[in-house]
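Dropping the structure in here first, questions after.
Chain lettering (A, B, C and D) follows the sequence in which the chains are written, and residue indices restart at 1 in each chain.
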Amino acid sequence: MPRTKVQIKRIGVLTGGGDAPGLNAVIRAVVKVATREYGLTVIGFEDGFGGLIENRARRLTEKEVVGILPRGGTILGTTNRDNPFHYPVEENGEVVYKDVSGRVMENLAGHGIQGMVIIGGDGSLKIAEELWKRYSLPVIGVPKTIDNDLLATDQTFGFDTAVTTATEALDKLHTTAESHHRVMVLEVMGRYAGWIALHAGVAGGADVILIPEIPFTFEKVCEKVRERRRAGKKFSIVVVAEGAKPVGGELVVKKVVEGSFEPLRLGGIGNVVGDKIEEMTGIETRVTVLGHLQRGGSPTSFDRILATRFGAAAVNFLMEGRYGEMVCLRTPDIGSVPLAEATGAMKRVALGNDLVRAARQMGISFGD
Amino acid sequence: MPRTKVQIKRIGVLTGGGDAPGLNAVIRAVVKVATREYGLTVIGFEDGFGGLIENRARRLTEKEVVGILPRGGTILGTTNRDNPFHYPVEENGEVVYKDVSGRVMENLAGHGIQGMVIIGGDGSLKIAEELWKRYSLPVIGVPKTIDNDLLATDQTFGFDTAVTTATEALDKLHTTAESHHRVMVLEVMGRYAGWIALHAGVAGGADVILIPEIPFTFEKVCEKVRERRRAGKKFSIVVVAEGAKPVGGELVVKKVVEGSFEPLRLGGIGNVVGDKIEEMTGIETRVTVLGHLQRGGSPTSFDRILATRFGAAAVNFLMEGRYGEMVCLRTPDIGSVPLAEATGAMKRVALGNDLVRAARQMGISFGD
Amino acid sequence: MPRTKVQIKRIGVLTGGGDAPGLNAVIRAVVKVATREYGLTVIGFEDGFGGLIENRARRLTEKEVVGILPRGGTILGTTNRDNPFHYPVEENGEVVYKDVSGRVMENLAGHGIQGMVIIGGDGSLKIAEELWKRYSLPVIGVPKTIDNDLLATDQTFGFDTAVTTATEALDKLHTTAESHHRVMVLEVMGRYAGWIALHAGVAGGADVILIPEIPFTFEKVCEKVRERRRAGKKFSIVVVAEGAKPVGGELVVKKVVEGSFEPLRLGGIGNVVGDKIEEMTGIETRVTVLGHLQRGGSPTSFDRILATRFGAAAVNFLMEGRYGEMVCLRTPDIGSVPLAEATGAMKRVALGNDLVRAARQMGISFGD
Amino acid sequence: MPRTKVQIKRIGVLTGGGDAPGLNAVIRAVVKVATREYGLTVIGFEDGFGGLIENRARRLTEKEVVGILPRGGTILGTTNRDNPFHYPVEENGEVVYKDVSGRVMENLAGHGIQGMVIIGGDGSLKIAEELWKRYSLPVIGVPKTIDNDLLATDQTFGFDTAVTTATEALDKLHTTAESHHRVMVLEVMGRYAGWIALHAGVAGGADVILIPEIPFTFEKVCEKVRERRRAGKKFSIVVVAEGAKPVGGELVVKKVVEGSFEPLRLGGIGNVVGDKIEEMTGIETRVTVLGHLQRGGSPTSFDRILATRFGAAAVNFLMEGRYGEMVCLRTPDIGSVPLAEATGAMKRVALGNDLVRAARQMGISFGD
């Protein structure tokens, strides 16, 4: 891909995918650096690629980003939907999926935008890559995954805040577990990678950590609980990543209709684990599903800084002509990597990971 | 009941019922005031009335209470079970319920204990009252209900911490609700009284608050959500007390078996409300059940102080011969009230409550 | 004072004096209740009475108060200066103090304002009273003092947040005091009343609490520190209200010029106490002055609720014709009291206060 | 240095230098891994090298480390003094400094200790190195500096907590600065390196950041404050590292005696900067010195994890015969480096640092 440096005067920015603490800090850095350092005009598109397709946009000046650094969420809005290369359009009363990327390019041209900063997860970055490849649109990606499961960067913003929230929850559950001699199960995020569970579990003093990378058996989990009881420790703390799975089996959790109202969002793996422990050990067990609390709230100082560095670098790289790349953390530096290499390469917890090893050595069970 | 003042040299203390932030602060104040001010010996019974029945006890000196002021839970352990007047005993291979209160009195005599501080909820305080009435055991109660639903005291410790935890959760949900244009539902504690939901809802800027005292209709709840959308506010926050109920109906939520594992602790009213809103408005809705997080963690400064005042007053009142009473907050003073009057008298949210009125005036819907 | 009920269509609001967490929550409640419940127009004056005098004002609709509930400070700005009855005016190159209250009334008339909500401390409320008495301006006061030293109300907003901040500081100092076997001194706010020091001291497990109401001697303070050391407790925590004073003496702390720069804001009583302890006991002592951190930050849920109730009541009372009054907390109700009675009546810590008694019984020294 | 692997059965551990959040997490990991994984006996020495010299020690089992993970400080105690190679001994009524390292080796032999984990700053690690070089004592160092100014490791524990505390302080000061249109100055730690000021300043949205690495002029600082005022921003936030210095000058801050008590710990650079700004701009300025609050409190999840990894690695490396080394973070791995290389090599903020560049591009002034 030739890197012909474009004369950039106006840039666009959008946030796509699930929200993560630090998104606003990225937007703020993008706007401040673009306007102060390079005298650019910045246009923000609303609700991810939806706004780019439907041309919902507004100008972002320094005034718009005042006070947003400590705020969670994204002032631009975001969605998990709306792929311009596969967009639902109604035709003759039916919904068909079309490529509307041409409309996107028209909208950009209409705003006079020569470059885009696209902040998002794997899905958003793949769209960014496609826009770059197909239309040579100068684009720079900023990775966003609260799960920290991207191989191309040492860390992503939002992860530290999520781990902090989960650790605070474990600190709280500890006192109630102790007082009631219970098993407390906490389900945290992590569908494919167990980073949040691993980190929060170690930081929160868990006894069992279940992650997608290490299939567990209920027997091993209960063995740990019983071992603690024999040693006079009357409570246990279990952290379960939402994607954790027992050996050899998929969990089938279906939606059921019964009673006078139609229930219910059934619980996930956390509740399954809790029920099994109570059943197999006879020890009172309680389950908490942390859910959306992990995505919300004011970002930690770590995430504010990483997000700020990413946002500033995104603009700098765009002005240097590093198109089609994604910013990344290469400790202690901020670097970039081609979008083509970045997306799809997942960083999972390796079995030889030193934190896993340390956890095992301290007596934490992974249920295997 | 004659108040013959007993010469007290040794006292016992126990914590009963669900744990609440501040229990340790009460225990600490009891031990410090008893030993320093009155030169008493203090015996702590483990796991509520269970320890009193089975004579599991240990001496508490100042050393045992060092560092527990900021810690949640109770160093003595607690349970919701174990009533000495109705205690399960195995006889001829069958479990029968017996009155073992005589054994309790023997245990107390064995320790040379002349007075008891009983910290607990309605159930524990009723047992305390019975021990006082039947055996003239000098007893003083300390009320503990995280729901703050006791008529006899202006406030109970643990409530402020629970409201703080719920408010912090709402602050977090706000940012993610805004970013995704979603309805966020938060289920909080409060089976019979909606104090936590009301306070956290107002403090956390909720749009809808559903409490047991005000039956709601799904139509009214959705009306509020739709009204906000029409006004350009794309998200809504709904707080639901676990005991909230729709007009004219009990919720039947049953346990269902399906799939390869046996699910599941089905969600409660929070999930029901979330499903209905999504179904009726078509707006993406997410539900978080705060659960045990509300009972845990370090007590707020308010709760530490109230718990300390209660603990100190309990010992003072016991030494003054105010037996069969419960300490209470009569702002700004600590007073006492006969246990017989205190238990069973529930403080529910009155419809004319000024906070309910203020909430309505600010546009918060109670779903009625 | 005759209470002729005025037909009110437009009201003004201002915040005066030092800022306190919860001010924004009051403003928000005023605006929401005024507009939604009564259809009023609300004008906000900037920077306390300064904005009223200089006619710096802006309209406040619901839009202006979105998102301010959890935010500290005041969106209207505030100052400790600017009394319309004693206002500095330059005349012939000299500053003379004049009564410019007539100008205030003209400004109000210009906006068509028939009633004012004045949120402020003793100084602001006295001005409010004067405006009511002199001009029969329908005015309602909302008390604001972070020190909680107003007799006419059970509590003021901001106090709980300040105590929380001070308690968190004590929790932090505890660990470092323990590790280094040091005496840690924390100076907190409270020039005339020791409520913050008393509450934070008890909540934070202090060993010595020094407040304006109880003159102390350095000898007694050191006695406590030495007593602890003899008992094997190698550290001590001392909380000092900024207005605490030793027996029989004013502290003379002067500004000194020395060295290559002109120093310095000299430390206050906290540093004096720290130096004396180190000198008299030979134990390493460190001092922290909490200062403005106590005024800042997101209000606690308690303060948000109290502030909201105050704000809503202020508008309701104004519409009911309760002019010249101040809203107040009469647990569990919100009431009102004539401004004439409210101002100047200070609530200080009584020696017989049950919290002081409990603190003493637990071994906390007040240095007397 | 030959690495003859010793058969280790008993190890010692101590913490030296100023305390830092995470010390307890290191101790816990050392004890857990040593006992569970290797069956070792662990002896903890009290108060740094003082305990090693005076043979104040106690056995540490898993029981001793229960519950300490979330607690700040160190259960072993620590000091900045007590170098066994230069130890004050009284001889003939005079204090002379002697080498008492022989006594240290005798004490270790008396306990049957074959290896030491020494957790500390530059001073402690130099002593560790000397013990290894002179006596071939198998020793492994764990770096501890809250300032994060050690070249040999990507990060040290305690730093993230300190930055978090400073950022929270800035969040609080922001609201009060805004409300009162003031300049708020926050002095943070960092005598030789400005990492805390830089990170907290960026995370807390500061307008000016002054660090030891970049000499500043008061004129440039005030220029920024005035520039903001001209742009309608009525407040400014200034973060000052305690070691920040104006161009071309040492600050002479002397202790002065005046008034009826002997003042005072004079303020440091924070107060100097605050006074100058107020004097030169005429804008009200307030100064807060964060001081010891930065060292205290519960470690963040990040610091708990890093400390745990360091502690586990220390024991593993010791058992692998990697003597005379210091554990370090080489993202994403834990590695080690010879003590001789580690000590004395300071990591200061480079002018080309990407965070400094990003900060400048966003309009933050470094006063140069």
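Keep this in mind: a contact is a pair of C-beta atoms (placed from the backbone, for glycine too) under 8 Å apart; a residue touches a chain by one contact, two chains touch by 3 or more.
All of these numbers come straight from a predicted model, not from anything done at the bench.
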item	value
Selected pair, out of C-D, B-C or A-D, that shares over half of its residue contact pairs with A-B	C-D
Cα-centroid distance, subunit B relative to subunit D, in whole angstrom	42
Whole-Å gap between the CA centroids of subunit B and subunit C	32
Overlap residues in subunit A, where contacts from two or more other chains coincide	171
Pairs of chains found to touch, sorted by chain label	A-B, A-D, B-C, C-D
Touch list for subunit D against partner subunit C, complex	15, 18-19, 21, 23, 47, 71-74, 77-79, 165, 168-169, 171-176, 178-181, 184, 234, 249-254, 256, 258-267, 271-272, 274-276, 286-289, 291-293, 295-297
Complex interface listing, subunit C residues touching subunit B	29, 32-33, 36-37, 69-70, 154, 160, 163-164, 166-167, 171, 199-200, 202-205, 298, 300-302, 304-305, 308-309, 312-313, 316, 331-334, 354-355, 357-358, 361-363
